[in-house]
Structures are given as C-alpha cells and as structure tokens.
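Take a look at the structures below.
Heads up, the next two complexes both have subunit A, just with different partners, subunit B and then subunit C.
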Partner chain A sequence: MLHILALTVRNSVRNPLRTTLTVTGIAIGVIAFSFLQTVLAAYYFGLDASSPKRLVARHRVSLFNLLPLAQAAKMREVPGVTQVSYGIWFGGYYRDPTQFFGQIAVDPQYLDLYPEFVLPPDQKQAYLAEQQACIVGRKLANRFDWKVGDKITITGQIFPGDWDFIIRGIYHGNQPNTDETSMFFHWKRLDEWLLAREQGSQVGWYLLGVDDPSQNSRITAAVDDLFFNSTAPTLTETEKEFNASFVSMFGSVLTTIKIASGIVIVIILLIMANTMMMAARERITEYGVLKTLGFRGFHLATLIGGEALVVTFLGAVLGCAASYGIVAMFGKAIEMNLGQMFPVFELKPSTVALSVGMALAAGLVACLAPIARSVRLPIAQALRRVE
Partner chain B sequence: MLAIPLAYNFRNLMARKVSTTLTVLGLALAVAIFLVVLMLVNGLHYAMAQSGSMDNAVILRKGATSETLSGVARESADVVEVAPEIAIGADGQPMVAAEAVVGVSLPRRNDPTGKGTANVTVRGIVPMSLALRESLKIVEGRAPESGKPEILAGVSAAKGFKGCEVGGTIQMGGITWNVVGLFEANGSAFESELWGDRELVGNSFGRNGFSSMTLRMKDPRLDVASLQARFDDDPRVNVHVQTESEYFSSSSEGLRILISMLGGVLIALFSMGAVMGAMVTMFAFVGARTREIGTLRALGFSRRSIAMCFMIESLMLALAGGIVAAIPALMVQRLTFSTTNWTTFTDVTWHFRASPMIILSGLIFSLVMGWIGGMIPATRAALLPITTSLREA
Partner chain C sequence: MSVQTAVATDVVRMSGVTKVYHRDTLRIPVLDGIDMTIREGEFLALQGPSGSGKTTLLNLIAGIDRPSSGSIVVSGTDIAKLSESALARWRARHVGFIFQFYHLIPVLTARQNVELPLTLTSLSRSQRKEHVATVLKIVGLEDRMDHLPRQLSGGQEQRVAIARAIVSDPTILLADEPTGDLDAKSAEEILVLLERLNKEFGKTIVMVTHDPRAAVRAHAIRHLDKGVLD
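The block that comes next holds the complex of A and B.
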C-alpha cells in the first residue's frame, strides 16, 4: 500500500510542467470561487449580523414613507417590548456623492440595543451631551482619516443643505461581522428641521428591543394590528427578516454570482479531467504492466484518484493563499470607488473550507472517467498500445 | 518557408477529440463570461442612454443625486415653469412636467424565497409627462385618468413584480390602485417604473411638493447653462439643471462601476484559467507528437514552420471556443437583469445586450488567449533537436 502512495506522489510530479500548469489552473479556479463566495457573503452580511432580540417596524408601503413618532408610545405598551427606539436614514454624503456610507439619525437610547457596538464611556457621554455630536464606525473613520474632535460637513440630500457635525466618538464592533462603517447622530436635529417646516415629529423606522425571541411573531403581529387601519400602517419584522428584504432587493446580482460560482466548479472539473485523461492515456502501458504483476483495479483507482487529490489539494492551498490577497485588494478598490458599499468584505474561514472541499470533490469527479477506462481495459490491449 | 498544410492541424485536433473538446469548452466558458459581462454593462448603459433625451433637462434640488431623494417645492416649481428656455408644445403650453417620484415595496415575481420584495419607482405624472418621453408607447390598455387611482406600468415592472399586470392591483397609501395599461419605452429605465396621477401619488406618500421637474429645452446646446444661471440668480429656487441623459447616466454610475469591477475580476480569473487549460493541452500535443515533429523537421520543414503549426492549432482551438461561446451569450440576450440601484434605492431592470462589437471582441479575446496559451508549447516544439526527437519511443 505504501508503494502505491509513493507511486502516486511520484506520478503527480512526473510531468512537472503539466502539474505546475494544472495546479495553477486549479488555484485560479479556487480564487474565483472563494472570491465569488466572499462577494455573496458581503451581500448577505446583514443576515449574519442581525439579532433575534431586535425587531424593526417600518411603513408598510416602503422605507420612503416616514412614520409618526406618536406610534412609539403605543408600541411601548405591547407586552414583551422592552425598548422602543427609532431612526431616520439621512442619505447624505461627505464631499463626494459616489462615496457611499450610511448616516442614521437616532434617539439617545438607540445604540443600547446594539451591545456589539463598543464605544468608550467617556466618548458616549460626550456624544450624548452635545446636540451637534456624532459617532462614526472605526472603518469609516479610517477611510476619511477622521479623529475624535474633528468637525465634518455632510451634504444632505433628503434633508437638503450642509450639516456640520463634531465627531465625539469612534465605535468598533466586538464581533467580526459588526458594521463599522456607519455614522450616528441625534434624531432631535432632524426633528427640529422637520418642525421648522411644519411637519410633525417623524421617524423612518422603529427598533424594538425584546427579551424573549420566542414571542417575536406574537409581538410583530400585535404591533402591526395597532396601526393596521391608520394612515401609517406598519410592517414589523425581526431584524433578520428586515435585512433579508434588503438582500432580495439585489435580485439578479445574487443569482448571477451563484451561477458564476457553479461555472467555476465546472471549469475546475474540465481542467482536472483534461489533465487526468492525458496522464492516464500516457500510462496505459504501465497500467497493463501493473495489472500483469497482479495489482487489481482497486489499486489503479487509488493511483489515479490519489494523483488527482494531490494535484487539486496543491492547487486549492495555493488558491486560498492567493485569495486572501485578492479579496483584500478588491475590498480596498471597492472602498476607493464606491465607499462603504460592503460593511464587511473579508475571506471567512468557512469560505476557505468550502473552496478546498469543492476543489477536492471536483478533482475526484474528474478522474472517474480515466479510472473507469483504465480499470476496464484488458491487459493485452493495454500492453499492445504504443504511444 | 514551407508551411505545413492546415488540414494536418485540423486532423490532429480531430484525432484527440476529448482533449480538444475539453479545451474548447474551457476557452468557451471564459469567453462566455467575458461576453456576458460586456453585455450586462452595455445593456445598463443602453437602458440609461435610452431613458435620457438630450433635448430634455431634469431639475433636481441642489445636492440631490436622484429623483427619489430630491424635492422641489410647489413655489419653486412655479418659478421654473415660466423660464423662457422651455419649449412650447403644439398645444401652446410650455413643455414641462413637475413629477413626484417615490418608491413602493412590492413582492418580486420570480424570487427563490417566494417572499422577496424590492422598491419599485412610482412616478406621479401629469399629461405632459407622456409627451416629454418620445420613446414611450402604450402597448396594452390605456393611460391613467387624472384624479383616479390608476397605474400605467412599464413592461419590465409588470414582468418583475406581482400585481403590476393589466388588471392587477397595488396597495399604496390606503388606496387600491388599478393597473390599467402597460408601456414600452425603447428598453429604457422608465420601463421599470409605475406611473400614476401626480396628486394622488403625492398624497399617498404624504408629500406636498414634487421630486423633480423635466422640461423640453428650446436649444439643448445652450439652455442647460442658461437655465442654471437663471436659477442661481433667483433666491426663490435652489436647483441643479442637467440634461436628462446626464441625469440617468450619473444615477447609474455606481452600479456600472460595481458591475464592471466584479466582472473585470471574473474575466481576469476565468481567462487565466482557460489559458492554463489551453497550455496543458498544447504541451500534451507537443509531447505526444515528438517523433512526428522530428520527422517533419527531417523532411525539411523549418523550426519556424513547426512553431507556426502549433500556434495555428492553438488558435484553431481558440477560434472554436470563441464561436461556441457566442451561442450561450446570444441566448442570454433574452434574459433580463434586475437589481436595486442604491443611488435611487429602487429596482432597475435591463436586458443583456450584445452588439457586433462585443461578439467580435469576444473572438479577439479568445484568439489572444489561444495565442498566449500556444506560444510556449510551440516554441518548445520548434526547439526540439531532430535527432533526439526521432529517437523518442
């Protein structure tokens, strides 16, 4: 058995040029696959990061519609709701409109519902004490080189004009998938702006805290029932469902990425099948000799399958190593061109594992045909062949 | 120089059917990805270019990047409407339409989870809105009557969202809206929209003012600048003027960049993979035909002819790959692609769009891959010494 293993490894490097090309080809396939999976994960990021202890109530028609603040008091009375906070999407930009990042105006308790956001207590105090203050995520601060105490001007689109803020805090996440790319400031400021234009106090959505997620479906129904026949009917969902509705907005992008991932697997299969076919064809005579010596079909299968595994494994390892660099580079490039499109763009360990597993599986499938052919070939015919 | 006949190359490829097929398929996949990405970007570009007329100007609030984020007060609209740059229509009225543009969350028709939604642009229109968009054609039903909760749906919106077909209904602002007609607009982004009476749309979203204004200019070459200058001098309005085509291409800029970047990475990776595949095959051809090569050299064919011979084979593979790839690519043309444009925060649908240029660049791309993949093996074949190659078993 040991001899078979040794022969497998020797066979893999017998044609160093072909092995190198095949390994490179597989590595490229693995890079493409893990890259696509990372993009997909970046789109699905919100689902991972959501908590079952947070519910979101928004206007039933769409997020474009605001809700009256008066609803908050009624929501507080729903049993099981521990906290009612609210926010509004500000929709502005810093200097360059193509550099996307989220600015959200929130009530003072809003961030209490996000235990994964870590903000030093003194910074939190300073933020709460000042109307013009804002806090920003660590990645966002790094992006624009912002420090605590900096004065920044955000151009409003929904709320027109230039808005000045003072950065009083920089938060970071205590989870790898926490969004560190947003800016939060006081809802009161927008409220004053709206009141000055004779519009009542309004919010974009309510964020409800709950203690017992098993009650979620009862609570969401109870909240929606409250306002069903009002001028501002709500749609209340768990944070996960809310984020899932964002994912479904991306529509064909996601389908396309999934199809492309499938095509990558097919390409890896093709490359491997081609290589293994050639290797097996060249060695037909050898296989005849091995059979004459008493080795069975099982041994041949091990020999060929083993070689496929060695080659794909090398390719997968190389590909994963390169993926880290490529994903980081692409993440940077996206940030340069489009801002914080993807709050988290990183190669996850689970993606790496999936890519390696997928490559090995493809390698094994690819050698099925050559194995069948060499096992079935009669000895006499194998030995007769000259090529 | 004596060239080796093409028939020889062709027969060689035919003699090794499996390797030839696998290599052609590998190259074809890379070319297909290349084509599909180009068609996707081209389709988006086309949809946006079709939406915007060079003769029309779009007026948004200063600082706003999309109609859905913009707001124009009624008083400002009154000021804009009397600007002398606005063309006068056949009925003697200035050709200008103030519109309310919002989004409504509707369930997608073909969603894998069955409950996916996206925001559809709802454009609150006035009769002039239809006249301003010359490409617009009602293909089924009729236009909405003013003051009634009726919807004229773009064909893409009707295809993509539940309730948007003629006879369907949409719940919006406590009112049930009836879809009474479908329109086409030359494949433009308007086809992803729902159009309804402006005042009713505005009311159901609690809006008093408008989102944007579209107007026909008398002299498109000069009027954008003169309108902007006029409004900059007027303290009653705070707006930005741009041509309609400028507006649509800038509002889809981010989407275009994202798709190009993702597509670019994919094209690069897939083409490298395919080149590797082609190289593996070509090296195997060279290896298997060592003695043949020696024989050809002994017969008097030069090193150059040998190199050329293998290059031609590689290019033949590439050409086949390029042609094979065009078939799925052209089939994809029937499909539509829809996603949320985060600049407007609403859904936009467009077609994959091929052009002769794109198909041609796919072929060239394939040949370049074949050329790169064949170069090293061909050189190696040419450099084989006659004696050793003839001695080879």
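The block that comes next holds the complex of A and C.
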C-alpha cells in the first residue's frame, strides 16, 4: 500500500503543466464558491446572531404599520416576559441618500437586551443623559470617520427634516457576528416629534426579553392573544424568525446565489473529470501491468481516487488561501458601502471547510468513471496486445 | 471453487482450451482445442505467425485472460475457475510476467519497480529490500537501483522488468517477446539471463518469440498456427 500511496503522489505531479492548470482551475472554482458562500453567510448573518432569549412583536399586517405604546404595559404582565423594550425604524441618511445605514430610535432599556453590544460605561451614561445623543457601531464610525463628541445631521425620509445628533458612544460587538453598522438614538425624541403632529406614542416593534426560551411558543401565543381583537393585532416571534422574514425577502437572490454555487461545483467536477479521464486513459497500460502483478481493483481505485484527492486538495488549499485575501480585500469595501445589508462580510472557517469538502467531493465523484473503467477493463485489453 | 491437483512435475496442464473473441456479431476463434503440458524446470519457446494466438495462450497461462472452454491447471490450481480477486492473488504468487515493452512504472525507480510485487506480500520492509537487492544483483543492475526507467537503456529496462518478474519467486516465468524491442547485443544479454534463470535457478519459462535465435535457447519449441498447436 505504501508504494501505491507514493505512486499516487508522484502520478499527481507527473504532468506538471496539466496539474498546474487543473489546480489553478479548481482554485478559481473554490474562490468563486467561497465568495458566494460568504455572500450567503452575510445574508444569513442576522440569523446566526439571533438570541433565543429575545422575542419580537410587530404589527400583524406588516412591519410598516406601527403599534401603540400602550401595549407595552400589557406585555410586561405576560408570565415569562422579563423585560419589554421597543424601537422604531428611522430610515434617514447621512449627507447622501446612497450613504445608507440603519438608524433605530429605541427606549433606554433596549441596549440591556443586547449584551453582545459593548459600550464603555461612561459613554453609556453620557448617551442616556442626553436626548440629542446617539451611539453608533464601530464599523459605522470607521466608515464615516466619526469620533465620540462629533455632531452629525441625519436627514429623515420617513420622519422628514434634518435631525442633529451628538455621538456619545461607539459600541463594538463581543461576538464576531455582532452588527456594528447601526446607529441608535432616543425613541423619546421621535415620540415628541410624533406627538407634535398628534400621531400618539407609537413603536415599530417590541423587543421582549425572556429567561426560558423553552417557553417561547407559549409566550408568543399569549402576547398575540392579548391583542388579537384590537386595532393593532401583533405577530410575535423569536428574533431568529423575525430576521428570517427579512432574509426571505431576498429569496430569489439567495436562490440565484445557491444555483451559482452549484454551477461552480459542477465546473470543478468537470475540470477534475477531464483531468482524471485523460490521466487514466494515458495510464491504462500501467493499470494492466499492475493487475498482471496481482494488484486488485481497490488498489487501482486508491491510485486513481488518491490522485484526484491530491490534485483537488492542492486546488482547494490554494483557492481558500486566495479567498482569505480576496474576501478580506472586498469585505472591507462591502462592509463600508453595503454595511446594512452585509454587516459582517468575512470568510468563516465553516465556509472554508465547506469549500474544501465540496471540492474534494467533486474530485471523488469525478474519478468514479475512470476508476470503473480501469477496474473493469480486461488486462489483456489494457496491455493492448491481442494476437 | 474447485481445485484440481496436477501431476507434481507438471507446472501447466491445458486440456481442450479454446478462446473465442466476439466483436459485435463477429465470432473470432483464436485458440482451438489446445492440449499442452509444461513440466517443472522446462524452458519452452512458443512460435508462430502474427495472429496465431501465441500471446493469447500466454495470457491464459498467466491468468490474465480466461478461456472460452477447457481447463488450465497451473501449479495444481484450475485457474479458469477462480474468481477475479482470487485470480489476482494467485497471479501475485505464481506468475512472473515479462513484457516486450518492459512496462516499468516511469515514476518509480528500478528498486521501487522491482519491489512492487512484494508490497502485496507480508514481507517486512527490510526483507523486501533484501529480496530486491538480490534480484537486481542477479540481473546485474545493483548499481542502477535508484535510476528511473528513463535513465536506463532498453536492455537495462528489460533486466529490471525481469527482476520484477522473479522477485517474488514465482512458479512460472512468462515472457512475451522479451527481446522484441531490443538491439542484438541487449537481446543476447536478456537471453543469457533467461537461460541462467532456467539452468541455475530452475525457473520454468514459457517464452513467446518471433526470433529464431531466441527460440533455440529453449529446451523445446512449439509452433502455433491459426490457434492450433503442432
């Protein structure tokens, strides 16, 4: 077996030009696959960052319908609910409408429900003490080169006008997938704006804290039952389900990315199949000789399959190494410009493992036909000598 | 699986062996009722015109092809009745095959090529090394052990191939035109080596050859014509 393995490695580099081209082709395929998977992961990042200890209650009709603040008191009475907070989507822009990022007006307890947001205590205190204050995520601050103490003006689109804020804090995430691209400010300020226009105190959604996630289905049902016959019926779900509803809005985009990923795998498979067919065809006499010496089908399968694995592994490693550089290079630009859509754009170890695994699987599938042909081919025919 | 026992001194006993190839609807008879016995220590040359069935006959004895009918008992085993897997194991133990075009593995050194059949045995690495050194010395290539086939002459390649064929001490050596691709001097060296293997080491050899000078080295010459043995 030792010699079969040695032969496998040597066969892999026997035709340097072909091996180089194949490895390069696979590497390019792996880069494309990794990049697409990273885009997918970025879409789904919100799901990964979701906590089972947070529930979201929104208007049953749509997220664009607001809910009355009066519902908060009733929600607090639902057994299992430990905390009730709320927020509303502001929907403005900074300087340029294309410079989009999320601004959310929240009540003071909102941040308590996000322990993954890390804000220095003095900054938090400064933020809570001032109605014009806001806090921003680290990536957002980096994007606009904002510092604590900077005054910024956000132009409201849903709530028209120029809104001035003072940055009192810059938070960062204590998890790799924590969103650091949003801005939070005081709901009270927005409420005053609404009250001045006789619209009453309203919120976009309620954020409920729970201690025991196993009770979530009971709690969500209990909350929705409270307002079932009201003018503002709720739809309460886990944060993960809430985020998933956003992801599903991009369903066709995600499907396209998944199909493209599949096509990339097929391309890798075809590259490998072509290489392995050529290699096996060239070595058919050698396989006949090996069989004559007493080597059996599984030896040939090891030889051919091993070669496919060595070549695809080389391509996968090269592709993953390049992917790290490419994703890191584009990732920063994407986070800067498309931060709200892709708050975290980085190559995850699970994506690397998936890329390598898919490449190796494609390599193995690609060599099935050459293995079958080589194993089945009669020795006399392989030796090409029939008198 | 049925195993028959041949007479002790008969290495090969073929009776009523036929071989027919089918190409599409065409039926091509290659061997027709071959009866032959090869005794232990015999050096037999098989001659005949192209297409007469010499190589097919050799392949049948080697167990790398199967007869259409008849029985082939080699070293006490009716090889026509063995499964593919059993036949492969049997070949590894009993057959040493020498090809016209050497068929060495180009990416392995002479030593590694010779060692290949031994990797199928239970010999330790040091035992294998010892066996390889011994046979390479017999064929006079102890100083070329670490050369790749492309670094050897045709005659040297064939000697490595012979070393590979004898390294596992097989029951029978089968040579298919072993001098067919060599110049006269190298061919002579190979024939001398085969003669030596037969005389000194008692190897039973069956050699297919077109070359009358090669055939006269054998103890006996059998002619095959249109699938019939004289």
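Here, the second predicted complex is superposed on the first by the 376 of 387 C-alpha atoms of A that agree within 3 Å, B and C clash if a C-alpha of one lies under 4 Å from a C-alpha of the other, contacts with A are read in each partner's own complex, and residues count from 1 in each chain.
Basically, a residue touches a chain if its C-beta (ideal position, glycine included) is under 8 Å from a C-beta of that chain, and two chains touch if they have at least 3 such contacts.
Note that the coordinates shown come from a computational prediction; the quantities given were computed from them, not determined experimentally.
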item: First (subunit B), second (subunit C), both or neither touched by A:222; value: neither
item: Subunit B versus subunit C as contact partner of A:91, first or second or both or neither; value: first
item: First (subunit B), second (subunit C), both or neither touched by A:296; value: second
item: Partner, of subunit C and subunit B, that touches more residues belonging to subunit A; value: B
item: Contacts of A:155 with subunit B and subunit C, given as first, second, both or neither; value: first
item: First, second, both or neither for A:11, with subunit B first and subunit C second; value: second
item: Which superposed partner A:286 touches (first subunit B, second subunit C, both, neither); value: second
item: On subunit A, positions contacted by subunit B and by subunit C; value: 386-387
item: For the subunit B and subunit A complex, residues of the former touching the latter; value: 18-19, 22-23, 25-26, 29-30, 33, 61-66, 68-71, 102-105, 108, 111-113, 115-119, 171-174, 204-206, 238, 253-254, 257-258, 261-262, 265-266, 269-270, 272-274, 276-277, 279-281, 283-284, 287-288, 336-340, 342, 345, 347, 393
item: Complex contact set, residues of subunit C against subunit A; value: 21, 30, 50-56, 59, 62, 64-65, 84-85, 88-89, 91-93, 95, 97, 99-100, 103, 105-108, 112, 115-117, 119-120, 164, 176
item: In the complex, subunit A residues that touch subunit C; value: 1-4, 6-7, 10-11, 14, 285-286, 289-297, 378-380, 383, 385-387
item: Residue numbers on subunit A that touch subunit B, as the complex places them; value: 15, 17-18, 21-22, 24-25, 28-29, 31-32, 35-36, 39, 60-66, 91, 93, 97-98, 100, 155-158, 160-161, 231, 233, 244-245, 247-253, 255-257, 260, 263-264, 266-267, 270-271, 273-275, 277-278, 282, 326, 330, 333-334, 337-338, 341, 386-387
